[in-house]
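Look at the two complexes coming up: subunit A is in both, with subunit B in one and subunit C in the other.
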Partner chain A sequence: MTRLQGMRHSRFWSNRNCRYGTIIVGLILLMAIIGPLFAPYDPTQQNLEQILQPPSLKHICGTDFYGRDLLSRLLHGSRISLGVSLSATFLTMLIGIVLGLLAGYFRGWLDKFLMRIVDILLGFPRLFIILLIVGISRSTLLMTIVVLAGFSWMEIARLVRAETRSILTTNYLMAAQALGLNHFRLIIAYILPNLRGMLLTSTNLLIASMLTIESSLSFLGLGVNEPNASWGTLLSQGRLDPTGAWWVALFAGIAIIITVVGFNLLGDGLNQIQSESRT
Partner chain B sequence: MIKRLISRLIEFIVVLFIGVTIIFIIIHLAPGDPSLQFCSPTAPLEQRELLMHRFGLDQPLWKQYTIWLKNAVIQFDFGISFFSGKQVGKMVRQALSPTLLLTGLALLFGILAGVFLGIQAAIRQNKFFDRFVTTIMFAFYSMPSFWLGLILLQIFAVQLNWLPSSQLVSVFHEQFSCGARLWDYCRHLILPVSTLGLIFAASFYRYSRNAMLTALSSEYILAAQARGTPRNHLIYRYALGNSLLPLISLVGTSLPVLFSGALMIEVVFGLPGLGRLMTDAVLTRDYPVIVAAALLSFFAAIIGNLMADIIYLIVDPRLRHS
Partner chain C sequence: MVSIKSNLNLEPEMNHLSANPILQVENLTLGYRRSAWFGTSSRQQLIIRDISFAIQPNETVALVGQSGVGKTSIANSILRFLKPWHGNIYFLGQNIWQIPASRFRLIRPRLQPIFQDSATALNPMMTIDQAIMDGMKHLKLSHAEAQQRLNELLQMVELEPALCNHYPRQLSGGQRQRVVIARALATEPSLLILDEPLSALDLVTAVQIIDLLRSMRQRLNLSCLLITHDLMLAQQLADRIIVLKDGVVIDSGPTQQILTNPSHHFTRQLIHAAGILNRKT
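Then we have the complex of A and B:
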């Protein structure tokens, strides 16, 4: 068992995408966890004598419109950006897995009903609907997370359903059924573990897309409210003054891109490992 | 096969209906009051009630809904914007052409560039060209479109001052000659189209490279190779033909993007398109505009899927005969 895990581990690490993805994601998470402790300034402290300072030794990423230190705001913003996208992803996965398992395992009318809902929701223009609900209800962070998840779980549910159905035809599952295990045991101990690889891949890709959507919302002024700021909010402040203060939008954008690249790499790599082991 | 298309069509109409109904309910149940956009919260209550009456918001929800539905279905009348007082149908139609122009060009660019580079990279797998293009495309793929827009705007419009930074036409557009007008459009569209085009190209690149790699490693290619099929023939007829199929459905599902995908780009570049109309309407609670825009984007999604179905039928002989 340990030897098998060791092999798995090395295959994970020898995949270039996985390796770089893990390093980037690890660093980003570390930054979100302990970064704010090292923030050189108070992220909300305005200093009107030092507005719109370009990057320098004193302010590594420059200062914004109110003289707030951008590096500190970026470090603190990472918690909000990552917090929103991680929890939205978690909720999405939860809904998607539960409904996908229900549809795939029990079939029948429940399957038909759930898949019809999935079809309808997939026809929705996602960004616009999210924009609409978040914009019109002047929402809180929690609401944003719920809405993001509420319109993203369908693809996960579809994948889980398809995979569940194919697992149901395998011999080991039929053997388990013949043992007389109940539905719950079958799902938890026999089906879910086999979905693991696929779910890991989707989780990473989902986090990346959540981060992008969250930053779009914040960019439009519908996300996090002042004086708190996610990376998207910082980006949108860069738009206020496009004539000179390029650094305001630049660094927030780079932070977003690095994070999205990290999660995408990890997702792609996991996907490659999976398709390799299948063939 | 026709039967399948018809059943799809019916399904789509149901989606459209449910979608619009949900939008309607969301909008009208959401907290907040559009009349507050026009008068201060301290204004006398009668004044606000008058406004609500004028907008028809004093009616119960089901009545507002049936009135809207009746007008929309029978007369194609989507009401009057709370904010500008114009016909909503007309506003949407006016906003439609800049959006379609922008997204159509960008999608075209994205497909051509993405698919071409994807094929070239796949046949040179793990060579320098492949690594290089894949890395760059991965960066574009991971980039928020609006950020790329801001950066291009900063470089080409602000620093270099080569291109205009916003709007679709110059202030003196009307006075230009025909050729100059066209040039004016081009200058204004270069930045937004290339921004969106690059983002599209990145996802088409990923997709077509993967599809091509899968096709190239399959057994019929090996068999054809063994028969001595020329390399070009092998790549462009055998592998490409088979990898184009999933690509078509990708194009089909990205057709809704024609209407709503440019939302962020339009906001960044200040283009008077549908995306900006939507965002402005959401921010000012302009209910009739929101509903009409939502209807249009649902419609777009549906048309996109339907077109993908039809193209599939045309391209894939297996489907036609079954």
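Then we have the complex of A and C:
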């Protein structure tokens, strides 16, 4: 590890938001990766003799309206919820970064064309359009991911475009142009690495936002279909009897809140480090 | 030293230009257009008016003038970053604003800038060896040849090879300026544009960099365009001096002639000011 990397590493850990965010996100990801292996029951197995059992030693998070173990469904649901939000974030970032770089670097008619598309898409209320498309089409995980990404890349593209344009005026980029390097090398080695801080921050905030939207879609019955579980579908079942069977929605709600807080803390912490290094 | 010119894919006409000037600037007029009222109108600001000069092989010419007179704009125009309003710029016999970008890219590495602030002239996310190696990209050297050339360049600019894996912010101002010079030399340039190369350095480091630039110039037969407000620096490095004021050339000639027998009272003021500053430091 070089001295600079060591310095960044210590700055990362000395930032409280980064530290707590990393721990929370790490634990949530660990739960999604290995949690289902430790699930006590089959998450889709119905047991009509155990309907709506409150939390107990046998069912730590209780059971739902079909007698399914909620802890098992929560652990399996974490894979779907995090999988959808991480995949949608990855696709969003990919589209946003590529189009933002193209618009910011090449400018001219390409910039104008792409930015007008961004303006038009930003003019629509995002959640309404997503609900409409997911509602009228066959609701699948892939469809949810594509629609989420398709209507979320615009802010990233704008950010990347603005940062790219500011990097284009720096001395190091002018010096690199004077070396006769091609566009690909300039973008990959000189522009993209200098967007890293901003992209890391945006990614973490976007994951939290995607998780919320995915949960909202599932809550409205437009996300993951039964018998599969996501945290949103668990939350949705809880609304049927929120006072009587409070445990159905509680644990899924807590999982969503902790995950969103974790990614937001990490995003804020990275943003703070980035701001400090600029001053 | 690894041969470089043989690898350059230049047109034949560019390879036998030694009798001609390296750089020729003809009737250059520069300015900026500033948009106002959401692009419905624009204001024009003239910076440089109808200036001409040439730089011969192995010659250093200093452009001297107050801050804001337009010296850096001339450099930007020569580097094809700022389009002139009028006039022509010939580099190695090519009218750089008339040839297509793809053709300019072939000669571009032979025209290297060295900016005043070395802290901003290097990619903060790139190590020193990567930065210098990028200067050799167009030469299509093998990895071993590139590594050999890197070592030669580091030796030439008196940098320790151990600094190769360092990032710019881990180096001192003087070390960074040496890296910038090494990167520029990696392309084996015909012309260096030195834009206030010492203004961000302390006096001791500045003297070391002057010595380095002087020895590089002699060793590699480089031509240089020195942009400075400091007549004493021009005296150290330049063969000829061109003095600018209010966007026009008011004085030009061999360095000794300008310093001993200036024709314009502004040049005399500059010499007087530099003398006072020199005595104070």
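What to note about this one:
We take it that the second predicted complex is superposed on the first by the 277 of 279 C-alpha atoms of A that agree within 3 Å, B and C clash if a C-alpha of one lies under 4 Å from a C-alpha of the other, contacts with A are read in each partner's own complex, and residues count from 1 in each chain.
Heads up, the rule we're going with is that a contact is a pair of C-beta atoms (placed from the backbone, for glycine too) under 8 Å apart; a residue touches a chain by one contact, two chains touch by 3 or more.
These numbers were taken from a predicted model, which means no experiment stands behind them.
Aligning the two structures on subunit A places subunit B and subunit C side by side, free of any clash.
Once chain A of one complex is fitted onto chain A of the other, the partner contacts of A:215 are limited to subunit B, with no touch recorded for subunit C. Of the two partner chains placed by the overlay, only subunit B lies in contact with A:249; subunit C stays clear of it. Judged by the touch definition given at the top, the superposed model places A:166 against neither subunit B nor subunit C.
Look at A:137: by the touch rule set out above, it reaches subunit B but stays clear of subunit C. In the superposition on chain A, A:120 makes contact with subunit B only, not with subunit C.
When the two complexes are overlaid on their common chain A, residue A:14 makes contact with neither subunit B nor subunit C.
When subunit B and subunit C are set side by side, the one touching more residues of subunit A is B. No C-alpha atom of subunit B lies closer than 8 Å to any C-alpha atom of subunit C in the overlay. Residue overlap on subunit A between the subunit B contacts of one complex and the subunit C contacts of the other is empty. Note for the complex: subunit B touches subunit A at residues 11-12, 14-15, 18-19, 23, 26-27, 30-32, 138-139, 141-144, 146-147, 150-151, 153-154, 158, 165, 256, 259-260, 263-264, 267-268, 278-279, 282-283, 285, 290, 293-294, 297-298, 300-302, 305.
Of all residues in subunit C, only 79, 81, 105-106, 108-109, 111-113, 115, 117, 120-126, 130, 134-135, 137-138, 165-167, 169-170, 180, 183, 187 touch subunit A in the complex they form. Residues 119-120, 123-125, 127-129, 131-133, 135-138, 208, 212, 215-216, 219-221, 235, 238-239, 242-243, 246, 249-250, 253, 256-257, 260-261, 264-265 of subunit A are the ones touching subunit B in the complex. Interface residues of subunit A facing subunit C in the complex, by the touch rule stated above, are 2-4, 170-172, 174-182, 185, 189-190, 193-194, 196.
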